[in-house]
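The chains carry the letters A, B, C, D and E, assigned in the order they are written, with residues numbered from 1 in each.
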Amino acid sequence: MLNLVIYFPLLAAAAIWLGCRERGTLARSLTLAVICLETLILFGLAMGGNTLSLDAEWIADYGIHYHLQLDGLGLALSVLSGGLAVVAMLVGWERIDRWQAFGPLLLATLSGMVGLFAAYDLILFYVFWELMLIPMYFMLAMWGDPDSRRSATQFMLVTVTASLLMLVAIILLFIAHGVQTGIYTFDYGILKQTPLIGNTLLSKLILAGLLLGFGVKVPVFPLHFWAPLAYRKGDPSVIIMLSGAMANAGVYGLLRFTMPLMPEVTAAFAPWGMAIGAIGTLYGAAQAIRQEDLRGVIAWSSISHMNIAILALFAWQAQALHGMALQLLAHGLSVAGLFAIAALLLDRKRDGVYANVGGLYAQMPKLGMCFLFFVVATVGMPGLANFAGEALILAGAISRSILWGSVGAVTILLSVIYGVKVYGKVMLGPVNPRVPTELWDLNSREKAALTVLIIAILVIGLMPQLMIETVHLPTAELLAVNIDSLFGGVHAID
Amino acid sequence: MMLWHFVFWLSCAVAVVCSASLLFVRKPMHGAVYLTTAMCALALAFYLLGAPFIAMMQLILYVGAIMVLFVFVIMLSPLQETFPLQLQDRSLWPGLILLILMLLELGALLFGGLQVDPTTPQIIDSKAVGELLFGHYKLAVEAISTLLLAALVGVMYFARHLQRHQERKLPEQQEAK
Amino acid sequence: MTDALVTLPMMHHLLWLIPCAPLLGALLIIALDGLPTRAYGVIANLAVLVSALCVALLWLSGSWDMPVQTAYEWMHIDNWLLDVGFRVDRFTLVMASVSAWVGLLIHLFSTQYMRHDFGERRYFAYLNLFVGGMLLFITADNLILLYAGWEIMGLCSYALVSHYYTKDENVYAGRKAFVTTRIGDTALAIGIFLCFMQFQSLNLESIFQAAPQAPTGMIAAICILFMLGAFAKSAQFPLHVWLPDAMAGPSTVSALIHAATMITAGVYLIARTHVLFDLVPDVRWWVALVGAFTALYASVSAIGQNDIKRILAYSTISQIGYMFAALGVGGYSLALFHLAVHACFKALMFMSSGVIIEIYHHDHDIRNMGGLHKQQKFLSFAYLAGSLALAALPLVTASFYSKDAIIAATYTADHGAFLAGLGLLGALLTGVYSMRMYFMVFTGKARSEIHDYKMTWAMKLPLGILALGSLCLGFIQLPDSWSFGPHLLLPWLEPVLTSVALPEGHAGEMLELLGAAAAVIGILIAWPLTKAEVRSGRGVGNIGFLNKALYIDDLAKVLVIRPFLALCAVLGSVIDGLLLNGVLVAGVRRLMLNAAEVVSRGQGALVSRYVLLMVLGLMLIIGYLTVQL
Amino acid sequence: MNLLAVLFVSFLLFAIGLAVILVRRQLLFVLMGIEVMTNGAVLAAVAAGQYWHSADGQVLSLFMMLVAGSELAITLLLAMLSYRYLKVSRIDQMNQLQDKLDKEGQLL
Amino acid sequence: MPSTDFYPVIAPALTGIGGLLVLLIGVWPRLKDAALVAFYASIVLLLGAMAVLLAPHEAAGFERFISLDPVNRHGWLLFTAGGLATLLLAWRDRQLLGEVDEQFCSLVLFAVTGTYLLSAATNLLAAFIGMELTALSVMAMIAWQPQRKGAIEAAIKYAITATVSGSIMLFGIVLMYAGSGSLYLDAIPGNLGGERTNETLVIVGLAMVLVGIAFELAVAPFHCWLADVFQGSSSPVTAFIASVGKIAMLLFLLNLADQLSGLWPAIHGVIIGMVVLSVVWGNLAALRQSNLKRMLAYSSVAHFGYVLLALTAISGDADGNADLLQAAAYYGLSYAVMNMVSFAVIGLLSGINPSADLEGYRGMGRRYPLLGVALAIAVLSLAGIPPTAGFFGKLFVFTQALNQGQLGLVIIASLAAASSLFYYLRILVVFFSVPSNEVSEEADIALQGDAVVMGPTLVISLSTAAVLLIGLCAGTVLTFI
């Protein structure tokens, strides 16, 4: 079953690619069907609530296992990826050309993501980590703005550089663990049973590598530099996958592989981590304020929100971690919603630069309402998904460190500044004379895409307990690392 | 023994000097002559070292075959130009400096504390060589014959092309110009 | 509590309906597409009516003590136990009644008033959502739910202020309102999280129970944060700047949000958490000071306004200032009393002002009005009732009973004389600007064309009820020092909301007299002032210092907004522009590409260079070995 | 016989051969330089063989000569082809094959 | 008492004699179809492979000259496959058209013979002869069809540099012999310390041998010839050099390191220097190349830098030697297959873009999607993206090097690997962007007969599958090496 859900999209991708060489429309329909099916299967699994697992020897000489385990958190994030893929398809339905290429790439990315969330072996994880990257690169470079190639390349280079250093760190971890216990293995299941002891230079290096590799993807504050450009230049459909689904992988990786595998050094780093998260949150928000185009604002807001997740991660505390899981989902949904809006505007030949828009509400009230809904979700309106995540995160973070928690909380203010600003600039105000008059409001396809997101955001926001229960088991398992004793003196209340 | 030493080092010196003169001569043909001299001197040195077989081979192979090949090529070469050494060409110097440095290093390495027992030359005649060659090294002989064959094939092929080229070079040259 | 369960089983289960009916109404309005526009108004009215009736039922049931209902578990992680739960006590009931019923009246008024407006459906959706948010805020039994209601109000305020979105100023005003109040929201949120950190609970009751054992420093921090939240939401100095601009929305919105309900949320918040504030009187005193100062400051500013709605806006700020002053000295129930009274007369005035503006062709300037009394008698009398209530005309208006008690109460605090002095001065000026407004609009000759406007019963009924309330609501609670008359409200509230002992004897009487005198004098000053202004065409409204409200808004722009934006820009260009994208990305790119060229050049294309490199390599290797061996 | 001294002489020959290659860019001289280098190696091989009183050294040198000869044959023909086809007799005129770097704008 | 097991000799003898036979068949007057010659040559190679497969699995030596051990067995199979692939590619190659006659085929066979000898050599002389045999055959093959632009130049450049490096290696062999008194690799460590031996000479000799090896592997700074030779020769020959010649040399190097592990620490510095120079220089030089073959050549320089990374830690007393060598061998194997794919693709497209300029490939991936994907897989493998063989090669090498404490080197290598992605992406982007111009019908490979594309297609599909399989089944592959 596990293999099926991971490789089904990949096989379908190959089939579609081979079968629909000149038939883009067919490829589009098939891709949508496959993604929907995949998402439904994943959803069913998530509802079932069981943890799937599979373990086999892979490369015995290096202790690499083909170990898969898909628990609640992984399932939730996988379902999110699938759902976002559906949305990405729906909002790119007409705009994206050559579905016979795009569809398979999208499917391959999805396959990589599901595999990533299921991987229970560091090398396997890395394999899927890179696997989802390649199709993503092509989608970024081949579609999107005419000059998206450069930003895509920058994204790819930065990510891969960091990933390679992360690989070095993973290998070091393998060696350090082997030296410590005599067992040389990359299997996460075995590694986490004997976490790395001590706050040595080696473990610091390992942590640094992991932080770098995962942090770039998140993107954590000083490593975010690729993101604004890539988010702005890529096709919004692709960016939905990149920012909404793929960014989660970074946080997920940090969650899985830092604290449980080397608690001491991570705990020592945690205050810094919280500081980075908090500062990054504010910085992202502050930059979002000064953007002059819709996609720029969304990009920075995404950065800002993902940094909150980092704040939560390093708080390593029950509420914060659960909140982080919620935040990942919520951010995925809301940023996807915003990019979907950007995509729909792009369909209407509006690029979202303030100078070219304004007063669109008059022509497209429904789109405007949806836009406002996503803005409001993004700024953390209670009752919507983001709030559930942010409230838990900030409560947890403040419990751990009043200073950084409070600094992070300022995002409540800053997010609303950019949120209502961008909404006002794009949708409200006097009608921009450059805007053509024959813009159509949402059609049923677009409505469907946005409704999926809106319902998901509402459901998670109103009944977060559903999600909390889904992710509770893995999170509790991660929390089993007795962190409070580690934080001890290091982390007294500032 | 003195005489041995004298002749041996003299022949070595001749070899070195003649080789070095390659650096200065203007015409390839002169170079070939110097080279031949150096090889003959080396053949003498080989003989003195106690390797008469190799000395013979040196004469036959190098002087007899290789140098003749050179001379043929020089004669066949359409461009009968001279090539004066251009010391003012600055791109030459780095190489020379590097080589001198390398020699200094080697000198330091060899004569700086390295101890090797002196040895008296002992004649190892062609019989011993032959036994080894066709005994232990029979596969090597086969391999080297294959190598010669390969070289032959290559030469044949290129020669064919040289021929072909000559047959149709005129129209092509016109075009090229 | 058990009593309540027995006597009111139904109500106990229907508590959720109070906030949720309007929320559902909003949802329906959004979801149901294609109905006739009028139907949306009906839905909205019905939804609020349900809430109002539920509240009324609560009154009628007679069990006011803490019915609690838990709808479902919202979030539960370890000790973070968060339910969607509602709770009503006497205090809440008063507040809910004000919100629901005033809300209902304004809804009713809106059906007519917004009839020819654009975006009616949107308007009613937000209005319903807003009432839902307010009621959620009031009835919430935990801090997060309370915060949820608080935020929903903020959002609706934003959307409704920018209702006429085709003008940039209106959009900006909405944004300004949202952002400024959000400053307070942030503080409130941090305060809530600190509460959680300290008490490991978010439920109000359990927090109140645990509070006395908590360290004072923490309580003080929480209270300061709550206080900031309240100040921003309730437009207290210096976070009041958004309110005058927020008048860009429809007048009904101003009536509902910026007069009766949301604007008083801050008052409610502090009263609600008074258990905490009681623990730190020093912090509480600052509430009083800011309140009293704002009362005066806003009155001063109101005098200089010419825009009828801005006058009302400043008057609202001022009146809320009184409420805060009451809160600050511990007179929570006094604040609530004044809140209810203020809701009546201010809603009345705002709605009326909407009609007035319609009549004068959407011109807000009172200098261009005048002479309306002859045309609109009903409106004139209603407005007069409101104005007098605002001015707190002794004995006949409700505000006299509520406001003067506050001034008296402030006297009991530390530096009480100073606080009371601020209040009295404010009261005097209130009389001035209130009546100036009335005189300018209704008396004299018309200074511009008066548009014909027919008010239907749907407009007159709410105005009538509210006018009645403005005049008579005070009679339920005459001053304590008076031996006669009903004393209904404060004693009834006593179990949940304490008040403060008013000054006894001489000082008390003195203050009462002074308060009454201030109002009367103010009203008396207003008449000649208006006369002079009408005659000369120049008056207090032309004083820039007053008109610009002491330039606080401009000061904020210069001192806060611009530096903030500049900071954002500088940070962005230094960190992203220079360091990351400049040095790192572009630098590495340049370095690599140039190095590629250097390497390629170094290797060249000639075989002699190749050999040279080989020799170099060999030389280095032999050198290395020479050194090594 | 001092092995080291002979080795040094052979090094000297070797270096001279290299020098010829580096200094004389005419194809024929380059080839001669290569021969000098090989000769140096042969000398060393013979000396080493004598040092160990073994025929290995001589076998080695014999093979060297053969290899050098065949390589030379091919190279000489290549040189001829080069004269004929490219009209080039100096190695520093051979630059058809070289790095061509893309302008920055053509890159990604 | 040298053992005289004949098994190791069968395969080289078959190919060597087979080469001669092919020559003879070729001059047979009535036989004029080149295809038949190539067919016979292929049969010879298959027979050689059979001989290797049928030989017993234990290590077997012949006269201490060459020895066939399990690693070499697979190496030999690889070389045979490489030779076959070269024949298949060359058979109807556009650039070699009409010139793939019995001579070319025999040269391929001779070159394969050389690689057999080289990789299995236990005697320095065997290695030298094997190397020279390969080099000589290749030298002729490079200039095949001398009219091609750059063919002669490439051959001359190769000839000069190869002879120089050959002399250096020869000198090294002589020095090793002078220092130890033996040409047998397995005897040298034992001889040392004995009377009249001299370790210094052996080490200097070893270093010079290493220079020769480094030249053939094209490790910086001895790499310069590679780009010119790749560019100047036809794609089948390039493929042969990359996938067969270099791997044979690599196997000899591994053998050398294994046998002389005691002396290895003395030259660690040399190897570290080579590693750093190679990964940096190779990747930098490739960054902006406008010619695909040159780009792949420089990438090859970098790749062998990574391979050598595994050899920086060989030493006499470490138990990790076997793992290190295994990692390097795996890397070499993966390198061979992925380059085979790339050059086969280049060869197949040489009708459209004979100069192999990158720009000429614009849109080829869209025009020929299967070809594009094969190339994409190969290029991604070169870039070290999982789950291809290239990734696991890097993983193993890095793991082993880190296990020996080479953190700094590994970080340099991984940064260099990251920067390499830049030019690999350039290849992919060019291949998959919008085609810039139409392809003439004559050159369009989709329109050509099966006979023309069958060979390359076979090679491409098999080696692409190999790239993936070697990666996915790395565990199994490792047990073979």
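Miscellaneous remarks
We adopt the following convention: contacts are C-beta pairs under 8 Å (C-beta built on N, C-alpha and C of every residue); 3 or more make two chains touch, one makes a residue touch a chain.
Just so you know, these numbers come straight off a predicted model, no measurement behind them.
Considering every other chain in turn, the ones in contact with both chain B and chain C prove to be D, E. Averaging Cα atoms per chain gives one point for each, and the point farthest from that of chain E is the centre of C. Of all the chains, the one whose CA centre sits at the greatest distance from that of chain D is C. The most centrally placed chain, judged by C-alpha centroids, is A. This structure's chain pair with the greatest number of C-beta contacts is B-D.
Note on chain placement: the centre of chain A and the centre of chain E lie 42 Å apart, centres being C-alpha means. Chain B and chain D have CA centres that are 8 Å apart. Averaging Cα coordinates per chain places chain C and chain E 77 Å apart. Averaged Cα coordinates give chain A a centre that lies 68 Å from the centre of chain B.
Annotation for chain A: residues touching 2 or more other chains are 149, 153. In chain E, the residues that reach two or more other chains under the touch definition are 125, 129, 132, 136, 139-140, 143, 146, 156-157, 160, 164, 196, 200-201, 204, 228, 285, 288, 419, 422, 425, 429.
Across the assembly, chain B contributes 95, 99, 102, 106, 109, 114, 116, 137, 140, 144, 147, 150-151, 154, 158, 161 as residues in contact with two or more other chains. All chain pairs in contact, by the document's touch criterion: A-C, A-D, A-E, B-C, B-D, B-E, C-D, C-E, D-E. Of all residues in chain E, those touching chain A in their complex are 323, 326, 369, 380, 383-387, 391-392, 395-396, 398-399, 402-403, 407, 410-411, 414-415, 417-419, 421-422, 425, 428-429, 432-433, 474-475, 478-479. Partner chain B is touched in their complex by these residues of chain E: 2, 9, 12-13, 16, 19-20, 23, 62-63, 65-66, 103, 106-107, 110-111, 113-114, 117, 125-126, 129-130, 132-133, 136-137, 139-140, 143-144, 146, 196, 198, 200-201, 204. Residue ranges of chain E in contact with chain D, taken from their complex: 125, 128-129, 132, 136, 139-140, 143, 146-147, 149-150, 152-157, 159-160, 163-164, 166-167, 170-171, 173-175, 177-178, 181-183, 196, 201, 227-228, 231-232, 285, 288-291, 294, 358-359, 422, 425-426, 429.
Contact residues of chain D toward chain A in the complex are 108.
On the side of chain C, the complex with chain A involves touching residues 30, 72-78, 80, 122, 144-145, 147-149, 151-152, 155, 158-159, 162, 165-168, 171-172, 174-175, 178-179, 182-183, 185-186, 189-190, 192-194, 196-197, 565, 567-569, 571-572, 575-576, 580-581, 584-585.
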